[in-house]
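Dropping the structures in below, format is structure tokens.
Heads up, the next two complexes both have chain A, just with different partners, chain B and then chain C.
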Partner chain A sequence: MNFITIDKKDWAGGIDKSRKTYRVFGPVQDENGCQLKPLAPDVYPLMDAGVTVMSPKSVLFPQTEKMLTATLDESSEDHHIMKPVEKDNTPRVVLGIRPYDARAIQMVKLNFDNPDYQDPYWCEAYDATTFVGLGINRPDSCDFSTSAGTGPFSEEGLDVLMADLDDRYLAKILTEKGETWAEACGFDTSADAAESQALFDILRKEAEKNITASVDTDRLSEKSILDLYEAPFWDDVAFSCINCGTCTFVCPTCWCFDIQDETKHKTATRFRNWDTCMSPLFTHHASGHNPRGSKVQRVRQRFMHKLKYFVDKYDQGIMCVGCGRCVASCPVNIDIREVCKTMNNYEKE
Partner chain B sequence: MENPYVPYPVRIDDIEVATEDKSLKTFTFVFQNPADEEKFAYKAGQFAELSIPGVGEIPIGIASSPVEKGFVKFTVFRTGMVTSHLHNMKKGDIMGIRGPLGNWYPWEKLENKNVVIIGGGFAFTTLRSSIVYMLDPANRSRFKNIDVIYGARSPGMLLYREKLFDWEKRDDINMHITVDSTDDPDWKYHTGFVPQIVEKNAPVADEDTYAIVCGPPIMIKFTQPALTQLGYQDHQVIMSLENKMKCGIGMCGRCNIGKELVCKDGPVFTLEQINQTPKEY
Partner chain C sequence: MDTCIEKIRTICADLLAKGEVQKVIGFAEGSIPMASRPIAVTSKDDVEKLVFNATCGLNLANYVSEALPKDGKIAVTAKGCDSRNLVTHMVENQVSRDRLYIIGIPCTGMVDKRKIAALFEDEITDFIEEGDTLTIVSPQKKEKVSKTDVLRHNCRMCTHRNPVVFDVMAAEPVEEQSLDQPFADVDQIAAMDPETRWAHFQELTKNCIRCYACRNACPLCYCPTCFVDESSPQWVGKGQDKTDINTFHFLRAFHCAGRCTDCGACVEVCPMGINVRDFTRKLNKDALELFGWEAGLDMEKRPPLDVYSPDDPDDFIK
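On to the complex of A and B.
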């Protein structure tokens, strides 16, 4: 594995060099807090910012995205024939992504890139993207990533993992994509591999020590779906929920979407928008029947999906990376860690 | 990369009013590009998204049969925004079809078996596809006895009436057509609800008999005990489920029953499978 050091004095210049070939995304502060956004040519990522309010999933899966379009003008030969919208799939780089968010993108990949179908919008964006992560030296109080199968210095899903060493970054190049990015920035001061790895290990252990929150997941897979589904605790879990959907929108692993058509003049456009299992419309049949018509059914669906259905279907742990965004953002303080513990400890009487 | 969201362009070749209350119409579509018909190779029991640019898409079971070439047919109940729009379209209009989607009735498993088809109301579309498929001269010998129990509220609400009465006359299929009630003195078939007709007329199950059941929830609810009484085990009862869908390819997340997605892992499940999942359909 290849390590390089990047003097922070060279950081902005390197980013500028890379802008010739990359669209650069990174955390910035705006009126709504810290957000991950495409950066204007004179803007640099706020590398020491806290956790972004929204997750980086939008880089590959925008909140609203045009999919197809057709002309409705009958004088045109191809009227009413839907065609894919052209996408900008030039290389892009996400700077400062948190390691657990990179792991989340690998989970979302299970949905959009599977043996039966590949979603071209997501997959092509994924192929075009390089993820440059920054290890988390000081985890937030809501971070429980270590017990969710990732951690502050996890490498999964990253092309480069960097560590902040005050006056410089130490970067571990993990993939060919990462190497190409480093070259484009002109970052080429190599560092001793053994020493660098040792340093990474120390930082990781220090950071992991500071994570005190956790989830218990060890017994989820042995439970039966129906036992958990029919368990008596769901009314209590859902009691305070107002079905606002915030948890699903801030979640880096929530991938559900809606498809809607819009017509403007003679052009029809088919969009997809983030959807939420908290909304009754999510499952509302045209007939009026709704299999998840009540709030408790929808709350149960969210937790069962993340903590049981996903576990059983993919055998890759829970569909949660422990970023703590839903815990921090929930207006009524519903805590996935508590729900997970309740499910994990549940014994049918 | 193949884009599974792009529909095949089709032309509406024919529209038939399917029931006396005009709430159902059968649409016959012809592919604009003949090569697309081959790409759309389907099996009885699958569905497709009917796609109207600027309006939206709806998942509908394929009513035509793989043995019928040159067109595809869908019978659509007018109920929401897209189906209402579709009902107002006319012959010659261009729209799209995306599919085929989902799994199908387990035709390999059904080979050399007795097949009992039980349908109610307008949940007879993929069953029509199945019957036409099994009765095709190339396929009939692959199945043993075929029984069909099909009911609707009144004679005018039965789908595919001409086909039903043709099948009635054949000796290689046992038809049990029924209506809830009728004041037609010349009605020569059964009167009564589907579960009652099942109780009286469906063959007793041995291990080589399978039932395919499609219908409104109330019919399914009362048909299940009748089948159990006749000796059908849960793995011998095959059902097709419906849920709200958008993508149809297992990605948008809404049609799940437990960890199964109705659009991709279904819509066809055995009762044994359904009993192991939350009943969220």
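On to the complex of A and C.
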């Protein structure tokens, strides 16, 4: 593993160099809060920003993505034949991604890239992307990442992990992709490996100590699905819910989508959009029947998926990285930490 | 404002103990600073969970229809705006008066959480409300601010702080505000030239994620299937196309014409902080200026878009 040190004076220049080969994404502040966006040539990532309102999942899985297109012009030979749209899969780099968000990308990967299915759109975008994470020195109060199997300095899913040392970044190059990115930026001042690792360990421990929120997930896998499904607490959990899609849209691990065809003039386009299990439409059958017709059923589904079905199916813990976005953004203060506790502690009477 | 909570709890415990209502809809303490959570209390032993403070910015009229049991009554705590939406619900036949026990709460306004957050560079870790004084704490600093200075815009513009309908009041009525310029924000947008105005609304919705929190938090939006959710015909695309996003916002606003009480719940819940009231406020102004109408004040009157009047300001209808 090699370590490099990046003087903050050289940071912007390095980013500029990398723009020749990379599309650069990073956190920026706008009037609607902190967002992760593709950066215009004169914009630099806000590395000390708080957690972004939306997660970085959109870099690989945009809220609306064109998949196929066809011409409806019958004078054209290939009319009505759906064809893949051209994608910009030139290298891209996400700067300042939070370590738990990189772990979340690996979770989403289970859905889009597995032995049974490989989603070409997601996979190609994934292959083109380098994730440069920044360790979180001061976790916020909604962060419960350490009890969700990741943490403020977790390395999983990252190509580079950086630590903010006031006047410089210390960067741990974790993959070949990471190395290529560092080269493209011209960052080549190597740092002593043993010393650097020791420093990372100290920072990680300090940061983990500052995480005040936690959830117990140890008993979820031993619970019976039906007991949890039929548990009496769902009405109370769901009461305040307004069934908006906020929690699922801000979530870095929610991967559900919906396919839509639209036509405009002589062009047909097939899109995929983020879907949300909070919406009645999510399960609305063509017959008119809706197996999840009520709010409480939908709320239960979201938590059962994240905290039980996923746990059972993948044996990789909960489908949550503890970023706290849904806790902070839920307009009616439904708190997944409380629900997880209720589920983990539930005993059927 | 928490001073009336003991009275609210006493009233609720009494109603539940006597079986006069099956549940009480109110607010509970949230799990993070500056948050509160709508709650249904069904036992007198749980009334301690009820709170009322300047973070209770949702509109509880939104919860009434769904919470209503087959028979019997429910109680609901209602600020001025909540009560006006209850009236609107009754006028629009969504709930009948005799099914509700309304606990009126005179309100001195709700805080603008984004405005408060903007006062701090770091995260807010504690929020204490004592009368008009708010003590807000972050890891870096502790600040005392006057609630009046950080009120939501709709609360600053509110002229109906006292509930307009109630069975019992939780406190003495508060003084109503009188405003010199009740629609300065609307006038400012109206004064823009068309291109600037268009650009303003384009900019306003640029981060909309179509979560529909604004719609779902609104007591007026009770259509069994919203037009954006129709699939046959599909009126509007479901993606992030700008035209589709705008169509949703424009139509939602028009659907609220003459019905909106400017309770601010739509802005309160938007995860992207979009001031969606920029759409509805103009319609409220029109309703007032053209029809002398403010929504939710009178159970006996039909809303202006629901009636024909020979002195209608528009010629085409005469």
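Everything below uses one rule, namely that the second predicted complex is superposed on the first by the 349 of 349 C-alpha atoms of A that agree within 3 Å, B and C clash if a C-alpha of one lies under 4 Å from a C-alpha of the other, contacts with A are read in each partner's own complex, and residues count from 1 in each chain.
In this section, contacts are C-beta pairs under 8 Å (C-beta built on N, C-alpha and C of every residue); 3 or more make two chains touch, one makes a residue touch a chain.
None of the values given here were measured: they were computed from a predicted structure.
Chemist: Is the arrangement of chain B and chain C around the shared chain A a clash or a fit after superposition?
Modeler: On the shared chain A, the partners fit.
Chemist: In the overlaid three-chain picture, which partner chain does A:Phe249 touch, first (chain B) or second (chain C), both, or neither?
Modeler: Second partner only.
Chemist: So, A:Val53: does it touch chain B (first), chain C (second), both, or neither?
Modeler: second
Chemist: Should A:Glu262 be classified as contacting the first partner (chain B), the second (chain C), both, or neither?
Modeler: both
Chemist: Under the stated touch criterion, which partner chain does A:Leu226 make contact with: chain B (first), chain C (second), both, or neither?
Modeler: first
Chemist: From the overlay on chain A, compute the angle at chain A's CA centre subtended by chain B and chain C, rounding to the nearest 10 degrees.
Modeler: In the superposed arrangement it comes to 90 degrees.
Chemist: Once chain A of both complexes is superposed, is A:Gln316 in touch with chain B (first), chain C (second), both, or neither?
Modeler: So A:Gln316 meets neither chain B nor chain C here.
Chemist: Applying the touch criterion given at the start, work out whether A:Ser76 contacts chain B, chain C, both or neither, answering first, second, both or neither.
Modeler: The answer is neither, since A:Ser76 touches no partner chain.
Chemist: Is A:Phe282 touching the first partner chain B, the second partner chain C, both, or neither of them?
Modeler: first
Chemist: Please state the minimum Cα-Cα separation between chain B and chain C in the superposed model, rounded to the nearest whole Å.
Modeler: When the complexes share the chain A frame, the smallest chain B-chain C C-alpha distance is 6 Å.
Chemist: So chain A touches chain B in one structure and chain C in the other; where do those two contact lists coincide?
Modeler: Of chain A, residues 258, 260, 262 contact chain B in one complex and chain C in the other.
Chemist: Could you pull out which chain B residues touch chain A in their complex?
Modeler: That would be residues 1-7, 9, 32, 51-58, 79-81, 83, 93-96, 242-244, 246-247, 249-259, 264, 276-281 of chain B.
Chemist: Could you pull out which chain A residues touch chain B in their complex?
Modeler: Spelled out, the residues of chain A in touch with chain B are 67-68, 70, 72, 79-84, 111-112, 114, 116-120, 123-124, 225-226, 229, 255-263, 268, 270, 272, 275, 277, 282-287, 291-292, 297, 301, 304-305, 308-310, 312-313.
Chemist: Sort out for me which residues of chain A touch chain C in the complex.
Modeler: 30-33, 35, 50, 53-54, 62-64, 138, 140-142, 239-240, 242-246, 249-250, 258, 260, 262, 271, 273, 276, 279-281, 295, 327-329, 331-335, 337-338
Chemist: Which residues of chain C touch chain A in the complex?
Modeler: Residue list for chain C touching chain A: 30-33, 35-40, 58, 62-63, 66-67, 122-123, 125, 139, 207, 209-213, 215-217, 229, 231, 237-241, 268-274.
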